[in-house]
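A, B, C and D label the chains in the order they appear, each numbered from 1.
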Amino acid sequence: MNKTKSIDQALEYIKDGMTIAVGGFLGVGTPEKLIDAVIAKGVKDITLICNDTAFPDKGVGKWVVNKNVSKVIVSHIGTNPETGRQMNSKELIVDLVPQGTLAERVRAAGAGLGGVLTPTGIGTVIEEGKQKINVDGKDYLLELPLKADVALIKGSIVDKKGNIYYNKSTRNFNTLMATAAETVIVEAEKLVEIGEIDPSDVMTPSIFVNVIVE
Amino acid sequence: MNKTKSIDQALEYIKDGMTIAVGGFLGVGTPEKLIDAVIAKGVKDITLICNDTAFPDKGVGKWVVNKNVSKVIVSHIGTNPETGRQMNSKELIVDLVPQGTLAERVRAAGAGLGGVLTPTGIGTVIEEGKQKINVDGKDYLLELPLKADVALIKGSIVDKKGNIYYNKSTRNFNTLMATAAETVIVEAEKLVEIGEIDPSDVMTPSIFVNVIVE
Amino acid sequence: MIQDKDRKREVIVKRVAKELKDGDLVNLGIGMPTLVANYIPEGVDILLQSENGFVGLGPTPKPGEEDKDIVNAGAQPASHVTGAAYFDSGMSFAIIRGGHLDVTVLGALQVDQQGNLANWMIPGKMVPGMGGAMDLVVGAKKVIVAMEHTAKGEPKILKQCTLPLTAAGQVDMIVTEMGVLNVTPKGLVLTEIAPETELGEVIAMTEAEIIVADDLKVMEV
Amino acid sequence: MIQDKDRKREVIVKRVAKELKDGDLVNLGIGMPTLVANYIPEGVDILLQSENGFVGLGPTPKPGEEDKDIVNAGAQPASHVTGAAYFDSGMSFAIIRGGHLDVTVLGALQVDQQGNLANWMIPGKMVPGMGGAMDLVVGAKKVIVAMEHTAKGEPKILKQCTLPLTAAGQVDMIVTEMGVLNVTPKGLVLTEIAPETELGEVIAMTEAEIIVADDLKVMEV
């Protein structure tokens, strides 16, 4: 099974209207080549799952500027004024999710959990429309899994089987997003032969990865 | 803050009647020196949280043989005939938990979650006494957090700040148990200076560790 | 009907091995299922998952070449293949429960025509615990029961399991030394029959109702 | 009453720094809270958590010494101290939500006498999102709000927040350029007053009811 493909071949997995999860935190750890290729292809109507909408000229922020997305599920939009503008003008649906809840919802989808109970958001507008469950006298919100059609991941070192190592603070949501999509495409900063990453150092096992691009 | 202590000093944290979580899978990745020290001290009435009860002469299996435990919360007891004997003679309470559910319950305690919904156990005796929650037409069991007073961890490489690296298949439940106890004691196979473990290779950050023994 | 114990095992594990496809992630239960690894068809590249925390389980090391830090889920000395990855039990069961495992192969005390499986306890007698079995059976895309057709001459394939279940309605396929049964909404369909075996024998040794496939084949083993 | 903007900040962050104890794990919010790191008392060894995925956040690197793979939670170039550890966002928020963070310091739009905090949106005007703030405030053992006492002359410490809450009843302490307020079951207790500041000024600039501590001290800054 050869997972290594050209960016053009990888783009075949990405279609209008899909839900796409993208790794990265304010653009750090985001696969910029894949981001740009999606813009070049003119993909429309993406529902984006990401920590944030980054900056207008960086990461998924470019998708907002280029109108590739119709909905974003993120924890923060403050660094990208274009997101706020499109939200206010009703061009873009913005679903704000607390960062830790976002992480758990993506993890739950990847781990086959039906949901998790979190204390985060109790007593706030985040409660709206959610089931509240009391455990041992404390209230929690039932937060549901969040799954994507495609995940776009950035790996610092990737072997040709798809094992991934993330350097320093580039890991962030990449490990989680890689577990929670039908198709996972990783952009390798450095592509190496199988076996070059020590098996104990692998942060995303190859089994999650479908396509590798450079 | 010097976390490095003698085994005797570490034992001061362990008292009769405590709930103790122990890392390891059938004894692999279990801190044997700490196990033996608990036996030597004659600690009684432990509630043990562990994957299994290992073997009569290995890991937490020795606690069963030496009657240090009055209850075990584990996924498997088949490799330790003494556990089965004590269970049948009502000397020991055995609470069997599916392995994946055990992992999630310990993680939930460490991660501040009120519980998780799992499909595992639906339609079996594991359902008994548990809340069943339907999400999108599928039934899940609400499984609650499992927290310990003390966790005993085995690290392959530990730095003097408490950062831990686990070699190969010794990792298993160690990372999870380390997050879910009031006091975490790690037994270092190899103790190194702070900085000798690459920050990206740390598997249990120092913040979880209270005591380091060699 | 095959009588020889070793021949029975060989027939079962060889047939199960044929179910595995290139690229599959597979978990093989302790005991007979482990032997499936010896019969993977040529050109089929699979990865074995070990629920104690890795993908890429390799062959048993030669005596003297064991690494104390590499064991399989039965705590036996093991090895990893090139391209393996280690992780913790949280990730191990995220993989299992999350639907990332293509096939799980495991033994059974009983299995029934609803696809129910019982393999973790006999009340009052033997209670090894479920270990990872409940998660494996719920989470794997395909659940294959690999076992001898009977235990001490008594059927193990029943109308309804009498022992505590491991999971309800999750079994997809049963492979024994007598044949291959698929669990379908209509019931158990016998799709293949073992060599040297009569249909009447299979029916006699099975308590569950058996639907014989129109195109019943002989098991290739 | 302190008027100079820089002096206000200095008073606030110096006083917050005194709350940190040896061995504490601390998260400092973006903006003014970040400056607390510059005033950690001698002999106090703390670890800073960066919610994008590490403990052991170090000082801002010198120009030309930046590592593109090390940024803080504001995406600014950062460094790590010796003994740091990187992890993913799942672990980062397990640490935060799980009660492993000793102190979180963050700013506020409004805070009230029930310990309610509002700092993530002004409906119709500014909606940056909550980022990690909701988890931080719920999860940290001690929540310190560090902010100027008023905004454009209007009180920010209220009887009841009017903006959408970040969390209900989680704030433990409020540090401003006018004093230190502890949130207690009885209400807000003024335990320290800033230098050059009159009690009447604090009361005038605070909409919430203030209980003055019997042993009211002058803030040491």
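In the analysis below, contacts are C-beta pairs under 8 Å (C-beta built on N, C-alpha and C of every residue); 3 or more make two chains touch, one makes a residue touch a chain.
Note that the coordinates shown come from a computational prediction; the quantities given were computed from them, not determined experimentally.
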{"item": "Contacts common to subunit C and subunit D (chain labels)", "value": "A, B"}
{"item": "Touch-network distance, subunit B to subunit C, counted in steps", "value": "1"}
{"item": "Remotest chain, subunit C as reference, centres from CA atoms", "value": "D"}
{"item": "Pair with more cross-chain C-beta pairs in contact, given B-D and A-D", "value": "A-D"}
{"item": "Geometric centre distance via CA averages, subunit C-subunit A, whole Å", "value": "35"}
{"item": "Distance between chain centroids, defined by C-alpha means - subunit A, subunit B (Å)", "value": "32"}
{"item": "Separation of subunit A from subunit D, taking each centre as the mean of its C-alpha atoms, in whole Å", "value": "29"}
{"item": "In subunit A, residues with contacts to at least two other chains", "value": "104, 107, 111-113, 118-119, 166-168, 171, 199-200"}
{"item": "Touching two or more other chains - residue numbers and ranges from subunit C", "value": "54, 80, 86-87, 93, 96-97, 138-139"}
{"item": "Contact pairs between chains, per stated definition", "value": "A-B, A-C, A-D, B-C, B-D"}
{"item": "Partner subunit D, residues of subunit A touching it in the complex", "value": "25-28, 51-52, 55, 74-79, 84, 87, 94, 96, 98-104, 107, 118-126, 156, 166-176, 203"}
{"item": "Touching residues on subunit A, where the partner in the complex is subunit C", "value": "1, 107, 109-113, 159, 161, 163, 179, 194-195, 199-200, 202, 205-208"}
{"item": "Parts of subunit D lying in touch with subunit B, wherever the complex brings them together", "value": "22-23, 25, 45, 47, 54-56, 80, 82-87, 91, 93-100, 138-139"}
{"item": "Subunit C residues touching subunit B - in the complex, by the definition given at the top", "value": "50-54, 67-71, 73-75, 78, 80, 86-90, 92-93, 96-97, 116, 126-135, 138-139, 164-169"}
{"item": "Contacting residues of subunit A [partner subunit B, same complex]", "value": "104, 108, 111-119, 131, 133, 135-136, 138, 140, 142, 144, 165-168, 171, 199-201"}
